[in-house]
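The structures come next, written out as structure tokens.
In the two complexes below, chain A is the common chain; its partner is chain B in one and chain C in the other.
Take a look at the complex of A and B:
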């Protein structure tokens, strides 16, 4: 018994004298890697992934009204989608947008219907317009909601991260090219302000924003 | 081979005789050729209607107060008379029509020639959501949740989306379980919201046309950044994109040369006549009358293939508001149905100009269940499991009565599936087989409803 106790003590002392180095926490991924991360294909030549290769639990869902009601003011410095009487349009259109009232409708509708898309277009037009107006009167670039960088592609990368949760590396043009083309097209026909309005509306109504 | 096909083969073969009447009935009512131009209107009376005032009345001279304990049926018109003076009481019939209806349906007498009444429908529920969803989908819900797709969604899924808003729903419910997304309803809470959907403003700021044009082009092109094979596994990516494009198409589209939003903007003076006929105020597009006018416009201008709407609300009258409120509210709903039927009779179908809309449109009027035939101790009526419905227009028999309820307690009575008349050894009518009949009448597949429809509802 005495020998066993000594052995246990010896082991304990050894452990105290040579502790294992603490595990370093992994560096957080700079972006959300759920739906947008690439699938490791068994056959790299295959242009599509077999459903079995896609991780389960990643079924995309459309944002619900409550998600949007809370997230839009957070993204746009408190700016709300409102009617002329400053009533929240989320509340005015609650039933039409498929929100459950738990009296007559007990399940929220999350279909990506044309009706939902139309009102999201309205929402984007109003919210982006208000944000650009505010930016026009904000001297400090870091406090602007949309126009953070003077360089168009840099600003598009900023918006992709802000609105889509996608970190686009400085050397990756592919991820912003489509929005760059949109920006350039509108700018050529209208103005820089209208170009950013179009880009903001496109991003707010894109599947990357509307789904999770 | 699908189970249904297998069973059909069996019934057609030598074993058919052994399998009995039920299975051969399935064979007898297999869907005919698809009618791509058939239209549908599903009219919901919200809150559970009193069929004694409507589709299944009893003569108060026979079912007197003195006999209530014996019959369990209490028309109680005297209460309506005292609480709702001026409400026209009386059974309503028409020459050559095999049925009479209650006083709330007086305006329908002019249209019995295109209607049939189905009585004695067993709902198997007295829960509002369950009954409503049963009659919307034709399938008994799972708990409170709808099972399967709405009938309107099934119609569009099979006919294809050949109109601008193929499945239009106003102040009602719609479901899509496993059908293509183009069949999804455009579901609005009111006509006001429909107009907002179809036009820019007043709460959508005007956007420069250059922005609109570039945005539309951008949305039509596929954005190649995200991995479609992964994200689009469930079709969500395409849905979000295609609906954004369609939403703009609706705003910029037109119906027979008129802007889509203007067709339903009943505040405009060109709709004075519609407002007068459907009896709603100029600036109240949330009114039930505006919904019915919306249905008519959607059919008249070829905007929709299926329209679902709530024509009357507030029918859930458990207290003495049964006598004061229910008759007027139910009557209002029927008045709107009557106006719609009158309009369908005189308006050519935009798809088939040689026919009027009544010849190409099926109208189904329903409620989630009915109200107890005997008053409760608060002079109201509670929930009753029996029900009735009205079918009108294309693909359904005209001027006929099917099914019945008992003279004691108003219970659903079994019917002969071939005649629809009472038969002790017959079957009980359910929303499932009524709606299967409606689908089958347009050559639409009824597999999911597991019923081929009722032979007596064949035209």
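Take a look at the complex of A and C:
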């Protein structure tokens, strides 16, 4: 079951390394409702991602809640995911997100379940929103959390390294094109700030961020 | 909704992106592989993602250096990672355990009391004639007695129910902020006259005699009573104590075998206060003792939650195996042995298929579990292993010291034996085979012996006796797995740590690596060396993120 659930995250390999530009909204396939994508599991081009065919040692693992609890403040200048009373949502939702309490549950659950994904959407929305608000009041570019470079693609390269650990060469547009298209699409309909919010949320909820 | 538009666009964007054709998209440069390796190392060893500067450094250098790995192993992040490992290994959380009875539990003001009080029928009946707290006025004394007034409810007053006022007390849990406490509950007498015709003429106020006099309260600074919060603090402190115990071994690069053998330990304010002042309360008197086999510091107040002092425990103790959190989490000796087998031998007790006969089979009448059908498959191992904790109270943390000036627990106690005069006492019923427990012929010969001795000499010709395990204690249990001959601890720890960092068990093809890791680990129980070996092994490095996977037959 865990392996099957990991597949939900694992299918993003192609998107991670060299995503293609998005085509305009396609109707989601109703028979498959994973969080990020529709996948034709029988597609021979993607059978490498089937758990049975992935060597044991190479199965991706979802980030632990503890990883996220510690990483988010480091990535975002101390910003935490909190509720209205400034309690850490990692603690409030500890059991829901799969952490063992050793009273009723003695084994942590690292399945990337739909419930986990839903809360990661919430987390990304709040954290990215706070980070952009802070950036808006930070004059020094080098101290900004998200908006480090005025050039969109340069900034996307910075975020790919910061959030995904993927170094994108200056002459490689392919690896940032998908995010660039997303940015442009949102900006055309809303604003630059909303565009970067969308990019940040997409990156924080992407398999490249959530697995290792 | 601020994010509504963004979310709707994200949904429409995500699908076509992720569904893009694969082809050679997963090819990676060696630098990218190193960046993934760095990311994985950082998450595994420090618990968080690398910084941009660290990524850039590796990009420039082209590789993750051994020095970077060593630096990660010396961070507090690594200690924290191993803390999580130990929490997982020993299920560290004793939340919910009650540490005392209601007679020693102070609760806040309520509808029936204007100040903090002990809402316990035995106490309140003796103080006030009914189950009510105090009234809302400052208490006064008259002729050395606490002044009382009739209860405002006429019916209760007619039944003799009275109420006293409250007093300000500097409670032990917060000396800086006095609290209002009902005057009877706040009394400080150590020894008073017994107001009943049962027991001695004079009684101490800090133990189960306390409800025999209206002059017994919670003692100076309320020290004998617990509040909900102070009880929680003791439980949390015991959990923290175990984790700090493991932290110190990791942080100090001490041999990891000390997890099972070290007698060094730390105590903080809540633990010290509890052991000094609150172990005589009903429910505690037989399960906890102030004398745990170590000296408690004199300079720690209960409120000093974050102050920890080192103490050295007596030779009865053995690493985590006798820490209060472990003993309280696993309350029976069989439970303790089972956890030990699981955590440090990587073995579980499991009957063979078809090993359990039908429940109505007469063979179930055999009282000795090492011989009873079905049960014997596990209990022939469980009973000898559990016996190592035979001198520790079950459902408690009390060492059952054989020879002590007071409260001694000899292997055989005539007072609890067939002709003993204390056979019905709580002490005999809790710790010794007594007449209730020895109701059948098989148990009769053991009457008056510590319960752990039951059948301990009767494993049969093939398996012999395990009574020696009781007296040798948990430290001998530890030696059974540390022994270089069998190397169970080294093998099991290697397996567990490997799985912790790779997310999988050893493959059958990796027996050479498994053997190398455990044999190296056995030589000095160097945990960091073990971890370093694992994270620099090809097996770990090849387990990089799925994005780096090459199709079968493809070039790396």
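Points worth noting:
Quick note on the criterion: the second predicted complex is superposed on the first by the 156 of 212 C-alpha atoms of A that agree within 3 Å, B and C clash if a C-alpha of one lies under 4 Å from a C-alpha of the other, contacts with A are read in each partner's own complex, and residues count from 1 in each chain.
We take it that a residue touches a chain if its C-beta (ideal position, glycine included) is under 8 Å from a C-beta of that chain, and two chains touch if they have at least 3 such contacts.
As the structure is a prediction and not an experimental result, all values here were calculated from the model.
Touch criterion met: A:66 reaches chain C, while chain B stays clear of it.
Contact with both chain B and chain C is seen for A:190 once the two complexes are overlaid on the shared chain.
In the superposition on chain A, A:167 makes contact with chain C only, while chain B stays out of contact range. When the two structures are aligned on the shared chain, A:76 is found in touch with neither chain B nor chain C. Look at A:108: by the touch rule set out above, it reaches chain C but stays clear of chain B. Legend: residue contacts after superposition of the two complexes on their common chain; A:208 is shown touching both chain B and chain C. Within the superposed three-chain model, A:158 lies in touch with chain C and out of touch with chain B [touch as defined at top]. Using the contact criterion defined above for the overlaid structures, shared-chain residue A:100 touches chain C, although it does not reach chain B. Within the superposed three-chain model, A:90 lies out of touch with both chain B and chain C [touch as defined at top].
When the two complexes are laid over each other on chain A, chain A has residues 36-39, 48-49, 54, 58-61, 106-107, 121, 125, 129, 166, 178, 181-182, 185-186, 189-190, 194, 197-198, 201-202, 208, 211 in contact with both chain B and chain C. On the chain C side of its complex with chain A, the touching residues are 2-3, 5-7, 9-23, 25-28, 31-32, 35-36, 38-40, 43, 47-52, 55-56, 59, 77, 84, 87-88, 91-93, 95-96, 329, 502-504, 507, 539-540, 542-549, 551-552. Of all the residues in chain A, the ones that touch chain B in their complex are 35-39, 47-49, 51, 54, 58-62, 82-84, 89, 93, 95-96, 98, 105-107, 109, 111-122, 125-126, 129, 166, 174-175, 178, 181-182, 185-186, 189-190, 194, 197-198, 201-202, 205-208, 210-211.
Partner chain C is touched in their complex by these residues of chain A: 10-20, 22-26, 28, 36-39, 45-46, 48-49, 53-61, 63, 66-67, 70-71, 74-75, 100-103, 106-108, 121, 125, 129, 158, 161-162, 165-167, 178, 181-182, 185-186, 189-190, 194, 197-198, 201-202, 208, 211-212. Residues of chain B that touch chain A in their complex: 129, 144-145, 173, 176, 181, 184-190, 193, 196-197, 200, 202-205, 207-208, 210-211, 214-215, 217-219, 221, 223-231, 233-234, 236-237, 239-241, 243-244, 246-248, 250-251.
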